[in-house]
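Each chain gets a letter, A, B, C, D, E and F, in the order it is written, and its residues are counted from 1.
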Amino acid sequence: MRPSGRAADQLRPMKITRNFTKHAEGSVLIECGDTKVICTASVVPGVPRFLKGKGQGWITAEYGMLPRSTHSRMDREAARGKQGGRTVEIQRLIGRSLRAAIDLKKLGENTITIDCDVIQADGGTRTASITGGFVALADAVKTLVEAKKIKENPIVTQIAAISVGVYKGVPVLDLDYPEDSNAETDMNVIMNDKGGFIEIQVTAEGAAFGDEHMLGMLAVARKGIAEIIELQRQALFSEAK
Amino acid sequence: MRPSGRAADQLRPMKITRNFTKHAEGSVLIECGDTKVICTASVVPGVPRFLKGKGQGWITAEYGMLPRSTHSRMDREAARGKQGGRTVEIQRLIGRSLRAAIDLKKLGENTITIDCDVIQADGGTRTASITGGFVALADAVKTLVEAKKIKENPIVTQIAAISVGVYKGVPVLDLDYPEDSNAETDMNVIMNDKGGFIEIQVTAEGAAFGDEHMLGMLAVARKGIAEIIELQRQALFSEAK
Amino acid sequence: MRPSGRAADQLRPMKITRNFTKHAEGSVLIECGDTKVICTASVVPGVPRFLKGKGQGWITAEYGMLPRSTHSRMDREAARGKQGGRTVEIQRLIGRSLRAAIDLKKLGENTITIDCDVIQADGGTRTASITGGFVALADAVKTLVEAKKIKENPIVTQIAAISVGVYKGVPVLDLDYPEDSNAETDMNVIMNDKGGFIEIQVTAEGAAFGDEHMLGMLAVARKGIAEIIELQRQALFSEAK
Amino acid sequence: MRPSGRAADQLRPMKITRNFTKHAEGSVLIECGDTKVICTASVVPGVPRFLKGKGQGWITAEYGMLPRSTHSRMDREAARGKQGGRTVEIQRLIGRSLRAAIDLKKLGENTITIDCDVIQADGGTRTASITGGFVALADAVKTLVEAKKIKENPIVTQIAAISVGVYKGVPVLDLDYPEDSNAETDMNVIMNDKGGFIEIQVTAEGAAFGDEHMLGMLAVARKGIAEIIELQRQALFSEAK
Amino acid sequence: MRPSGRAADQLRPMKITRNFTKHAEGSVLIECGDTKVICTASVVPGVPRFLKGKGQGWITAEYGMLPRSTHSRMDREAARGKQGGRTVEIQRLIGRSLRAAIDLKKLGENTITIDCDVIQADGGTRTASITGGFVALADAVKTLVEAKKIKENPIVTQIAAISVGVYKGVPVLDLDYPEDSNAETDMNVIMNDKGGFIEIQVTAEGAAFGDEHMLGMLAVARKGIAEIIELQRQALFSEAK
Amino acid sequence: MRPSGRAADQLRPMKITRNFTKHAEGSVLIECGDTKVICTASVVPGVPRFLKGKGQGWITAEYGMLPRSTHSRMDREAARGKQGGRTVEIQRLIGRSLRAAIDLKKLGENTITIDCDVIQADGGTRTASITGGFVALADAVKTLVEAKKIKENPIVTQIAAISVGVYKGVPVLDLDYPEDSNAETDMNVIMNDKGGFIEIQVTAEGAAFGDEHMLGMLAVARKGIAEIIELQRQALFSEAK
């Protein structure tokens, strides 16, 4: 029934490749079906002005799509001279979500920037960015610990994200582009590794939705997140960096 | 227990003043406690390029805060030369929400812009903008019908919004600033007049939240929205424009 | 003979409401007929870089119009990414005019920003901004004196402004929009409470003008300013802030 | 008594060189003492969008200073990415003033842009721009007439400008930089060749000013403008272009 | 003697992967040692305004680096709101070079945009962009021919590029970052498949250089380009797209 | 055979006027035939952030064209809000070239900005800017030496530049606009006073070029540069500043 033939609660194949590029403290290629995002985590000593002297660190995120990551070429935001509204909205969501993974006090006065650059888009780029961004963040944090720049690992929980939706009346997991553009409702769920919610955004794409769809979507999301948390764990415990 | 002394499921006094300014097709001052937003709806014939020739209309929204609507003065976005990320995020939410009120086909090739300008902020400016924006939109649409520029009233449902949160462990309705800045979880709910959800955004401000808080917040939101829908109705049926 | 039926030297009804919003050190709603402007004065310790270490303060102004304060909706300057030429010209005039009210040495190293936001426009927004801005400035200065942050009140004079013009060959006071768009000559006059001129700008809108019109306009301006100075005084001496 | 030793009502030596550069339809170097401005007039068929189909032309102006035209180097506006407030204010004044020279109906659907670029500044750059810009405009208009693109010469009057001020209590003509930075009052006067005023801007630089100074400044301005009108005439009637 | 142990005239391993992403008409990953660039070619019907109605097509290029493609994180150009000078310089070079590959008349009124996005940088990103960009361009052109949108293949020659330099007094081929940052002279050479030069840019990084170094660099460049032309050919003739 | 009737290796008349404007530490008008550029050198104590504390100075350049320096009026870059790609490319070339003239250590922590503003363009504006910019730089450096702000003259060599090209199959020196727009190949050569190359940029404008044209162009360039070096010397040794 789904265009991809997947079961309603079935994830697309997800692959997390660490150390994808060589310069960043954390660098991950995350592939969720045909969606591919490079997530790098860059550590810089110091914090933004509004945090100066508060004895804590900061996590921030930036998001971009290569102009031809999508079906038709989009304008390059650097050439247009500003980031679009969707970009801004997404990078704020990634930053908020990943800050929930960290005890900022234990991070010390360091800033970690998560860059999420979509090289191929097929739905779910923002949730892939959060899931992959967490792994890059974990690797970057490890370099700080190993270099003894911070005493304790500041990560307090894993963070993972997935999109779900109502497609032809049925709650389905991990929308690809053909589903995403036809779904009646679209939900992005960000959770931690204890099953707690960090952020939920649900939008009716046509008709309003009710409690039963809400609960149905949350159920498939919960199942999907559990699998993703496990995939992150496997990636992080695979052969050391 | 709440700083304002309100009951957990009690709205702040809400006042909707129509025809607040004289030029706009729809002009509303909405006051939710100390939060005050001017919402105007402006009708222009024609549609944006991406809708040309599709035989439908468009609803869009812009949001701004007067520099000193807040406790400390913020930079004027026009002077800085760009809208901040929060502004962009909010105006996209207002636009999406209000488009759910309208059958865009019946609107014809007209564009209605909803401008929401906060003159005093005390929490809940984005939900006040949606609630007040709907009333301005309804007035603007009425001018089109009365001028016989469109045949049928394209409004399909009322749209209203409210913020809820978990404050000291308890789900509470309609956060003011002192609560908003201390809430554990913050939720914005947009609903129609049939009790259907249009959009929900929930963010954990510290610890993650679970299903029980989610359900508790939705319950108080549902109660609040029902009251707001009624207030909108009274405002719209009060002495004709 | 005037569209409004006023006498040639008659002001529109002017109303000055202090403490219009709650956060600003000075907050005034000024209404001149249908022209309505919110003027707030915000105090921040410190001065711009070019005044560092000179032992004096600074007064600056910013001006904006809500997009639908006018007959047709204007683009939002924050969304366009820059302030228009008219806006820049006006806010520079407001700043210059209000600096004449103050002994900047006595202000100490404090900066006061006057934000003038037009919520409804019907001619004369720049002069209303100056007149209302002075009252907001006076209130803001009082908070500094009362908090003993400065020793002496630095206000040296009241500042008020009015537009005048030649309409159908006759010098008239306080142009509203229908007159403004048909006047042969348009003059903005800024004066202090001793009858001294601070700034005068006169523009021929069609034919050039001569000395007699110049003197005629100055005479009605002088009369109008005297009345406005008195209205400011009443507003400021009304029940204490 | 004046730093330059000039009499109170004495202009600096003014030199107008036509055909200063070779590409523009009108190109003038104007020198007022050490102030040097290149004024070019460029003709382009067509009018801005807001004038389409109204059967008239348009005159607009742009102003710039070379970064080291002044005592200290200023930032290049093109590199900073925006024109400063002073620049915007000045180019709007030049445009308004020169439009008074022309019957826009007779200009047909043509746009003439006056570019005023200051290569050396010593006070009075905006008035020099207007005076020189008029001569460039006259030359550009002549090319349209000679090419028979318009039937009738649309120039209805000469336009000239000068700065005057009160310096050590005395009204003086044509301020150079040392006077300009010490004057008590600063006035820019734009007039036509019949002695009519086009625009007057007067600013108190310290104390307010009264009628007597106003009249004194206008008197010296009137004398100066008469001389400048004659200098423009000589320049324009000198050996044909 | 070279940090990499390569011979003076030895290229780094170069790998060209076609069809790297799925949406673009041409999509290539080019790897030159540790330098990795994604080059996509996007076809859009129509031409820029300045070519309208001339019966020809256009090739243009844009270049970007992911923020952490380099050793330290660079600011994201989209967030800063403008492309840096180096970016602009490089994308103009890529565009000029690739236009030499095509008979623009035979391309018809189509525009092909070559996007070159560096995901990992280790010297030579601009020449890798040109070499990889040509392959992407060839693939994109083939889709036009196969879809019978143009009659004839407009490609007139292969285009390839390489950097050379003088390192410790010796002309060397294909500088990696450690050499690039220490070279005395730095040259980028763009050639066609007949051994003709398309563009050469040489810069002395310290002392000036003479004819002998110039000729030495051109000789190693010529050898390297011949090898790259062959690698492009193999890539293009490998299993059909 | 050349449109101007010049011999293939003949420069246009070149005139270098020092002290062209009065404020800058170095100010030169360079005229190469009808190409006219004002080059000023401005000294400011201090260095950009990336050089702080390294005990050296910096040379940078900015380039601009007056809007009507060209045949048709170009948009003013300050009004458009950004510098075009060609401008950026040229000012980076000027800066790199002139830094080769100076021992930056001996310059001390001073920054010299070379502003090159084209007032009339007829081909070769970038090379004229470098040639004239060097003379302005030399004058500015002299003011530092004479004011004893630096001990030793940091100039290590003269720098001069010229354009050459292949026109109707023949290498020609110093292209004017009619040649430039028809040349088959276009080369800009920057050299020092010992005949060493600083930078060479060659671009095929149509067909590729081979070694013989390359060598032919370099030969005429070398001859031209020798003459220009001599003209710079004469200008600098003419009556003291």
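Basically, a residue touches a chain if its C-beta (ideal position, glycine included) is under 8 Å from a C-beta of that chain, and two chains touch if they have at least 3 such contacts.
Only a predicted model underlies this, so the values are computations on that prediction, with no experimental measurement involved.
Novice: In this assembly, which chains make contact with chain B and also with chain E?
Specialist: Neighbours common to chain B and chain E are A.
Novice: Going by the stated contact rule, which chains contact chain A and chain D alike?
Specialist: In this structure, no chain contacts chain D and also chain A.
Novice: Which rotation angle, from 0 to 180°, best lines up the CA atoms of chain A with chain F, given as a multiple of 5?
Specialist: 120
Novice: Taking each chain's centre as the mean of its C-alpha atoms, which one ends up farthest from the centre of chain D?
Specialist: Computed centres place A farthest from chain D.
Novice: Can you give the whole-Å distance between the Cα centres of chain D and chain F?
Specialist: Distance between chain centres, rounded to whole Å: 33 Å.
Novice: Can you check how far apart chain A and chain B are, centre to centre, with Cα atoms defining each centre and the answer in Å?
Specialist: Centre separation, chain A to chain B: 28 Å.
Novice: Report, in whole Å, the distance between the mean C-alpha point of chain C and the mean C-alpha point of chain F.
Specialist: 51
Novice: What whole-Å value do you get for the distance between chain C and chain E if each is reduced to the mean of its CA atoms?
Specialist: The answer is 59 Å.
Novice: Mark out which residues of chain A touch at least two other chains, giving numbers and ranges.
Specialist: Within chain A, the residues that touch at least two other chains are 81-82.
Novice: Quick one: ring order starting at chain B, direction chain C?
Specialist: Loop order (chain B start, chain C next): B, C, D, F, E, A.
Novice: Can you list the residues on chain D that touch chain F in the complex?
Specialist: The contact residues of chain D facing chain F are 21-24, 27, 34, 36, 38, 40, 42, 44, 62, 64, 66-71, 73, 76-79, 81-83, 87, 113, 115, 117, 119-121.
Novice: In the complex of these two chains, what residues of chain E are touching chain F?
Specialist: 82, 85-86, 88-89, 91-92, 96, 100, 157, 191-192, 194-204, 207-211, 214, 218
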